[in-house]
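Each of the next two complexes has chain A plus one other chain: chain B in the first, chain C in the second.
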Partner chain A sequence: MTRARGVLGLLGCLVLALVLAVVVPDPAEDLRRRWSDADVGAWAGTPDVVARVTTVAVVRSADRGYGDPLTTRDALVVATVDAAVRRQVVLFSHVYLVTADGHEYAPRPEFVSAGLGLTQPGFTRRATLVFEVPPDRLDRAALVLDADAASVDAYADAVRVDLGLRAPVRVSPETVTPEPATVTTT
Partner chain B sequence: MRRPGRTARDRAVGARPPVRWGRWLPVLGVVLVLALVAVTGGFGRAEAVGPRRFTVGEPVELRRWTVAVRDVELVDTTSYGSPSPATLRVGLDVTWTGDATTGVLPEGLVRLVVPGGPAPDAEVTAVPAGAYTGGFDPDVARPVLLEAVWPAGAGPGDARRPAPPAVQVVLSDEHPAQNFLFDDQYVTTTPLGHVDVPVHDGRTR
Partner chain C sequence: MTDTHAGTATPRTGTRRRRVLVGVAVLAALVVALVSGWYPYAALAPAAPAATLHLGESAELDGVRYRLDRFVVAPALPAQDADDPAVAGPAGSALVLVVVTQTVLDRSVHLDAHFCDATLTDGSTVWETDSDVTSLAARPAALGCADSDTAPLRYDVPRETGFTFLVPATAGARVSGRLSVTDGPTLALLP
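On to the complex of A and B.
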């Protein structure tokens, strides 16, 4: 009798654990952010970084200065960003363009030398980010500078900039050449 | 206090030894397992799986990708122009249909078979295609080049063999394999079908 109760108790605990695993929200998908919102041209900040988007262009082609230019059948969103790092090193490892329907686009790695990267406190990095996105997803798209530990940190501060794109978004046939990133003292 | 009308037989039943629940544990375990299998969809009807044949350029919709096989070329130089062993280079148009940018085409999604042999190297590697060097953005089609040395183990100085007239580009799909550590885990399934593609001999030596 005692052994049977023990086994039943164990089964009950297993069932409870399974129910909890199914019912409780996945912490990896239940990220909480304290957003610092801004429009193009305005500064937005977290305790670690202050940033602004200075220009936004939507083009068909971007040139790295060597090899073939990246030409798309969709759209390339080219955003110039100033990011002033405040109190500790920032990697900018979770920067993305988010569309109104929640799709996330990482900067194209072909333009990594122009993009955001490790920056020490006290310095401002001017970078150009290139995103490849279907044109019909550009309406109300925003640029997000999320915390470096975003994938494991469910509670963090992040910058979100409305890129000012509204439907219908025109894709310019011109080719742009992003400048290499520069770093200056803040 | 004795209740009125209670017979001696009732009292005898009441005096029975306790029920031995232990004998029902295996049954309970089986019911529990069956319930879990049912809840997680294990009794659902599986999609029909069998060899299918696709055509060149036909978009094949997989669970997370759309793949169209464009062409196959037999080359003996790398994409940068350096000498290489004889290599089958497959041109694809690939679209990632996930919610966020991802890094690479999963291993095993595309394989090569040379009818009549010899077999190409089982390792299929991606090389830069056009200006693209990096990942896949949601619902953005981009070119992909995959290479496999043919025959397997061939070197740059090996004797020239006649090019195979055609190869089969075998496409497999993925199956979700979520576990308690990784919520976005997939494994490659058995082949879904293949495309017969004529081989263009682009060797220079």
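On to the complex of A and C.
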């Protein structure tokens, strides 16, 4: 009787471990975030960076500064960002637009000189980010300035800004020209 | 008369043994969790400097002699090309040039793997070398401690390495440097 109870207990533990392994997401793929949320115009911050989105435009075309403008049948979301870095260098290596249904879009590489890059503490970078996104996914889209390196055993701090886009989102036919990024002392 | 219990475990001693085993297992699990959790966080803490160098001072560590030759904090630095204007950062910023001369004395030091990393700190903020300033300002050819095509490193031959930084001018007067050699010592560099 005691032996049977022990075997049953062991089997129960194994089943529990199996269920947990299936149900609990892989921590290496589902990293935990401590979000700092804001709307357009408001500052949001982590220990290493304070940022705000100052303008948002949804257009069909953006001037790259060389050759023909980048034109799309989807939409280009052009967001101007101020990012003040403090405490330590920030690479801004993980910046993306996330849609309400979880799709992530990286900034278009043609505009890298206008975008966010390595910034030393004590300085503020003003950058323009350009994302190409299907218009029907723009409702409640947000800009995320994620941690450069996330950890599986701690929370990673990240800024998330609601871009204020609500369906139906109108795509302007105009062409915008992103300015090169500038750096000033904070 | 025969002792029928001799050499056999009674239910009471069996229970006690199980409890001891469970206790040992729990203790071992706690020790493993403690050690495995402590190591990553210990690695995050900056290593204590093995030596502190003021301007002109030298120290020999792990078979390499290091000397702090320059620690310049200025609104602008001369450009690499003498015909170009001086290199400056945004308004309200300062540029910092730190030059360390190293002489590798120990033949067991691998010249092409003698990597290092330089930072500035004011105690709470850490600045890394700035690629824009590095590419424009006049400085020694070597950007790191290891041997390279542009700045060969030889045993017993002193070689300068230059590190350039961009900091707010308000922090320029109170920064100090850190030179961390990979798998080696960390040096504090004071102006």
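Annotations
Note that the second predicted complex is superposed on the first by the 157 of 186 C-alpha atoms of A that agree within 3 Å, B and C clash if a C-alpha of one lies under 4 Å from a C-alpha of the other, contacts with A are read in each partner's own complex, and residues count from 1 in each chain.
Note that a contact is a pair of C-beta atoms (placed from the backbone, for glycine too) under 8 Å apart; a residue touches a chain by one contact, two chains touch by 3 or more.
Just so it is clear, the structure is predicted and the values come from calculations on it, not from any experiment.
Between chain B and chain C, B contacts the larger number of chain A residues. By the touch criterion stated above, A:P121 is placed in contact with chain C alone, chain B being left untouched.
Once the two complexes are overlaid on the shared chain, A:V183 sits against chain C while remaining clear of chain B.
Contacts of A:R73 after superposition on the shared chain: chain B is touched, whereas chain C is not.
In the superposed model, A:R3 makes contact with chain B only, not with chain C. Using the contact criterion defined above for the overlaid structures, shared-chain residue A:R64 touches chain B, although it does not reach chain C. When both complexes are overlaid on chain A, the residue A:T55 reaches neither chain B nor chain C. In the superposed model, A:Y96 makes contact with chain B only, not with chain C. Shared-chain residue A:E104: touches chain B; no touch with chain C.
Note: no residue of chain A belongs to the chain B contact set and to the chain C contact set alike, using the contact criterion stated above. Looking at the complex, you find that chain C touches chain A at residues 37, 40, 89-93, 124-128, 130-131, 165-171.
By the touch criterion given at the top, residues 1, 3-5, 7-8, 11, 15, 18, 21, 26, 28-29, 64, 67-74, 96, 102-106, 108-110, 131-134, 137 of chain A touch chain B in their complex. Listed in rising order, the residues of chain B touching chain A in the complex are 18, 20-22, 25, 28-29, 32, 36, 99-101, 130-135, 137-142, 180, 183. Listed in rising order, the residues of chain A touching chain C in the complex are 86-89, 118, 120-123, 153, 183-186.
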